[in-house]
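Chain naming follows the written order as A, B and C, and within any one chain the residues start at number 1.
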C-alpha cells in the first residue's frame, strides 16, 4: 500500500479518477457509448480523439523538459505542419490520390524535423537558453504558417486525408492508434536504447554527464527534433480532423497545455527523471477537464482559471522552498546560505 | 605591535552542521595595521569561519568582539555595519554595472531621490586613485576589466563602507604574478592606514611575503596563532597537515614491492600547461604504475589532472601516447583512449543524483558504447551486483538513488563506473576525501591490486601517508609549478614536506 | 574606442529604426510625414506602456507572460463596471490600476519566496487573468460612456497639421518616467544589479526581495494602464483582446537591445523597439501587396538576429574576463 502511494502515477491517476467520478454523478451520459455505422461515439471517445494531438505534443515536450529545456514553438509547428499538408493536398488534381496524401504527410513531417533541428541547434550549439531560443520560432512560426496558407483557411476535401483525424479503425478513432504508435516509439527509443538514460543524465547534471563521456549536444538536438516531429504529426491530426488548416489559430496555446500535461505527469521542470505514461495521463486529465466543463454548461474558457490553479498547485508542491516554508516556518532565522549548506551537507 | 589591542576578536567559536562539526573552539584575533593570514587545508574550516564572521552562517557558540565590545553578526548587513567587509574569492560584484556603481550601489549619493552620477563617478575615481593607486575609467562596465582590477574594485567598495576589518578570501588565486604584486602593494598601503586585514590563502610564498601574523586551522580546530616571521616553513606545513616532526617515522610503503619493475610508458605529458591553472610540466606514466601528485590545495594538482582527461584545454604542450603525440580535447576522447577520471567534486562532476546506483555505474560504459548498443537490464544488474559486492557498497541495493548514499559509498559507485570501462589510466582526484577510515583502506588496497594487474594510476590526495603508501613515484607541486619528482628510497614525508614548503 | 561596446545593441536598434523609416520614406509617397511618425505612437501606445513594464522584468532577469491577459482583464473590468454597473470612470480607473499592481505583486511574491521559475508563475497568471475575463462575460462589452469616447476621439493638434492622441501622450510620459526610474533611482539600479547577479546583490546587501516583487508589481501596473489605454483605443472589453500580446512585448524589448538574461539594456531601446514594430506594420500596410503575417516573420527574424548578436557580445565579454 505504501508503495502504491509513492508510485509516480498515483496522484495523476487519482485526479483523473476524481474527475471521472464527478462526471459519473453529475452527468451520467458521460459514460454512455453508442455505435453508429461502425464508429463508437461518446464523451470518453471524444476525450481520446480530441486529446490525441495534445498527448502527442506532450510526449515530445516530456523529453525536452527532461533535459532541463522547454519548447515554446510546438503550437507554431502544429500550425505549420497542418498548413503545409493541406496546401499540398489542395494543389493536387485528385485530392484523394494516396500518393499525394503520402507526399503531403512526408513533407509536413520533414519540415517539422527541420524546425525541431533549428530549435535544437540554437539550444545545443549556440548555447541559447531554451525559452529564448524557442521563442523565436514561436513568434515567426505563426507568420510562416499564415504565409503557407496565404492568410486564409485552406479547406481540403479528401476523405483519405480526413481519415487520419476522424476515421475509425476497429470502431475506434484512428488518431488514437497514431498516438499509441508514437508512444510506443518514444518508449522504445528511451527505454530500449540508452537514449532515455542519457536524457535523464544530461537533464540532471550536464557537467557530470560530459565528464562521463556523454555527447550532451547530440542528446539535446535529438530531443528537440523528436519534439518537432510529435508536434508535426499532431498538426496533421488536427488539420485532418477539421479538413482544413488555419495558420492563425491551429495549435494555439498547445505549448502551455503540453507543459502543463508534462508537469502534472510528474516530470519536473528542473529536468532529470521523466515519465511518459504520466504525461499521457496528464494530457488526458486536461482534456477530461475541458470536456467536463463543457458538459456541465459552464463557458469552456473558464477552464483557463482551473488550469492556472492546477499549474500553481503542482509547482508549489514541487518547490523546495514552499515545502520548507510550510515545515520550518517558525524554526529558523534567515541566514542566507545556511539552508543551502545544510542541504549540501546532508 | 604586540602591545596593541586586537580590534576584532572571535572567541571559542563553535559551529555544527547536521552530522559535521565544522568549527570547534576556534579563536581569531585581528590587530589594526596588520595582515593576518588564515591558513589550513581543505575542510580546515577557513571558509566556514569567514562565513560566520560575515553573518552568512549563524554561530552556535562563542562570541565576536569589536574593539572589546561584543557585536552581533546575524546578517551580512549587520556585519558590514559593524565595519567588517569581505572580498570573496569569486568577485561578488555585478559585472554589468559600471565600476563606480559597483563601489556605491546601495549607498549612491542622492538628491531628492535622484542619483547624482557625476558626484558618484568623481568620488569613485577618488577612492580608486587615492587609496588604491588605480587610474581607470569608472564609467565603464565592470566586465571590461581583468579579474585583478575587479578585485580592487571590490576592495574599494569594502573601503567605502568605512571598513575597520577587511577580509580577503583567496584574492590571489586567479591573479598572475604582476597582479599579485600590485595587490600586495595596496595591502601594504592599507596596512599603513591602520586597517586590519584577514588574508586567506593557500600560497605559502605569498603568506610569508605579506603577512605579519598567521592563524592555522585544521579539521575545524584551532591549531595556533603565530607571528609569521617566527614560524619556519616546514613547521607551518606540519601544522597544517597535522604531524609533529618527531612522529614522522617512515611508514612502510605498500608500494615498495613492485615499484622497481616498470612497464612500458603509457602516456607522457610534454610541457603540458594552462595559463592560470598549472605552469607547463613534464610527467610520464608507465603501465602498471601509480604516480602520486602531492601538493597543497591550489598547487595545481587538480588542474594538472584535468588536462590529462581533456576536461580543460591546455594552451601549451601535448600528450604523447606510446610515442605518438595526440591531443585529448574532450573527456569523451580521453575515455576513448581508456583514461578515467574520478573528480574531487563528487556532487557537481561525478554523480547524477536522481539516477539509481545501477544507472550511475553503467553510465560511462554505456556512453562509450553509444546509444544503440544498449547494455541489457540483466547485464546492468550483473555489473551492479558485481561491483556492489567487490567494493562493499552500502546499502547493497542497485536501485537506490545515488543522492541518498553516504559520500564514501557515492565515491565507490563512481569508482565502479570507471572500472567498468576497464581504463588503462585511472586518475583519482582526492578519492578518499570525506570517507571513513575503513573505506579509505579499501580504496587504497584496490588501487594497489589493480596496478599489479597492469592498470596505471595518477593519484591525488592531500594526505601524504596515503600518497606515499600507494605511489611508486611522486610528483610534487607548489604554487602551480611541478617542483620535484621523487621515487624509490627518496620518498619520505620529510622530503615531500620540504618540497611543498619550498623557499 | 570610438563606440563604447555597451552601446552597440541600442545603436543598432536606433539605426535600424532610422533605416527602416528612411527606406519607407523613399519608397512610398506620403510616408515621410510627422503624422506617420505620430501614428506609430498612437497605434502602439499600449504596446509601449506594456513594454516599459516588461523591460524592468527582463532587466531583473525574469519574464512576464501575463501582460496580454492582464490587458484583456483590464478592458473587461473597466467595461463591465462602467457600462453594466454604471460606475464612474474616476473610480474604475484607479481600481483597475490597483488590480493590475496587486496581480503582479502576487506573482512576484510567489516567484521570489517559493523560488519557482518566473516563466511558469506568470504562465499561471496568464491563464488566470484570461479565464477571469470570461467569468465576467463571454461576449464583447461595448463602451459608450462619454468619458471614454471623448478621450478616444480627442486629437491634440501639433504644429504642422499633425495630431496626437491622449493615449500616446500617456505612453510618452510613462516612457520618460521609466527612463528616470531606471537610471536615476536606487530601485532602478537595484533592478540592473539583480539582473547582473542575484547572489552578488544579496551579498552587497541590496534589497533583493523587495526589488523582485516590485518589478512584477510594476509590470502588472503597466499592463493594467495599457489595458485602460487599450480600452480607449477599442472602446470595448473583450476576453480575446491582446491575445499573444506578451510575445510582441517581449520582442519589442529584445529588439530594443535588452539582454534576455537580464542586467543589460535601456528603456530608451525598448522605445525604439516598439517603434520598429510599428514601422514594420506601417511599411507592410503601405506596400499593400504584402500580407500582415510578414510582420510576424520579420519580427521573428529580428528576434533571431538580436539574440544572436547578444550571444556573440556576451561571449566576447566572458573571454575578456579570462
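Just so it is clear, a residue touches a chain if its C-beta (ideal position, glycine included) is under 8 Å from a C-beta of that chain, and two chains touch if they have at least 3 such contacts.
Every value quoted in this text rests on a predicted model; they were computed, and no experiment measured them.
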{"item": "Category of the chain touch graph - line, ring, star, complete, other", "value": "complete"}
{"item": "Which of B-C and A-B has more C-beta contact pairs", "value": "A-B"}
{"item": "Furthest chain, CA centroid comparison against subunit C", "value": "B"}
{"item": "Centroid spacing, where centroids are CA-atom means, of subunit A and subunit C in whole angstrom", "value": "30"}
{"item": "Euclidean distance of C-alpha centroids - subunit A vs subunit B, Å", "value": "45"}
{"item": "Inter-centroid spacing, subunit C versus subunit B (mean Cα positions, whole Å)", "value": "47"}
{"item": "Sequence positions of subunit C contacting 2 or more other chains", "value": "202"}
{"item": "Junction residues of subunit B, two or more chains touched", "value": "76"}
{"item": "Residue list for subunit A, restricted to those that touch at least two other chains", "value": "336"}
{"item": "Residue ranges of subunit C touching subunit B (in the complex, touch as defined)", "value": "4-6, 180, 183-186, 189-190, 192-193, 195-197, 199-206, 263-264, 317, 320-322"}
{"item": "Residue ranges of subunit A in contact with subunit B within the complex", "value": "192-195, 197-198, 200-201, 204-205, 207-215, 272-273, 333-338, 341-342, 344-346"}
{"item": "Partner subunit A, residues of subunit B touching it in the complex", "value": "17-20, 51, 55-58, 74-76, 309, 311, 330-332, 335, 341, 343, 347-355, 359, 363-364, 366-372, 374-375, 417"}
{"item": "Subunit C partner contacts - residues on subunit B that touch it in the complex", "value": "76-77, 80, 86, 88, 92-97, 101, 105-106, 108, 110, 113-115, 117, 140-141, 143-144, 146-147, 157, 276"}
{"item": "Partner subunit A, residues of subunit C touching it in the complex", "value": "63, 110, 113-117, 119-121, 123-128, 130-135, 138, 202, 239, 243-244, 247, 250-251, 260-261, 291-301, 303-304, 307-308, 311"}
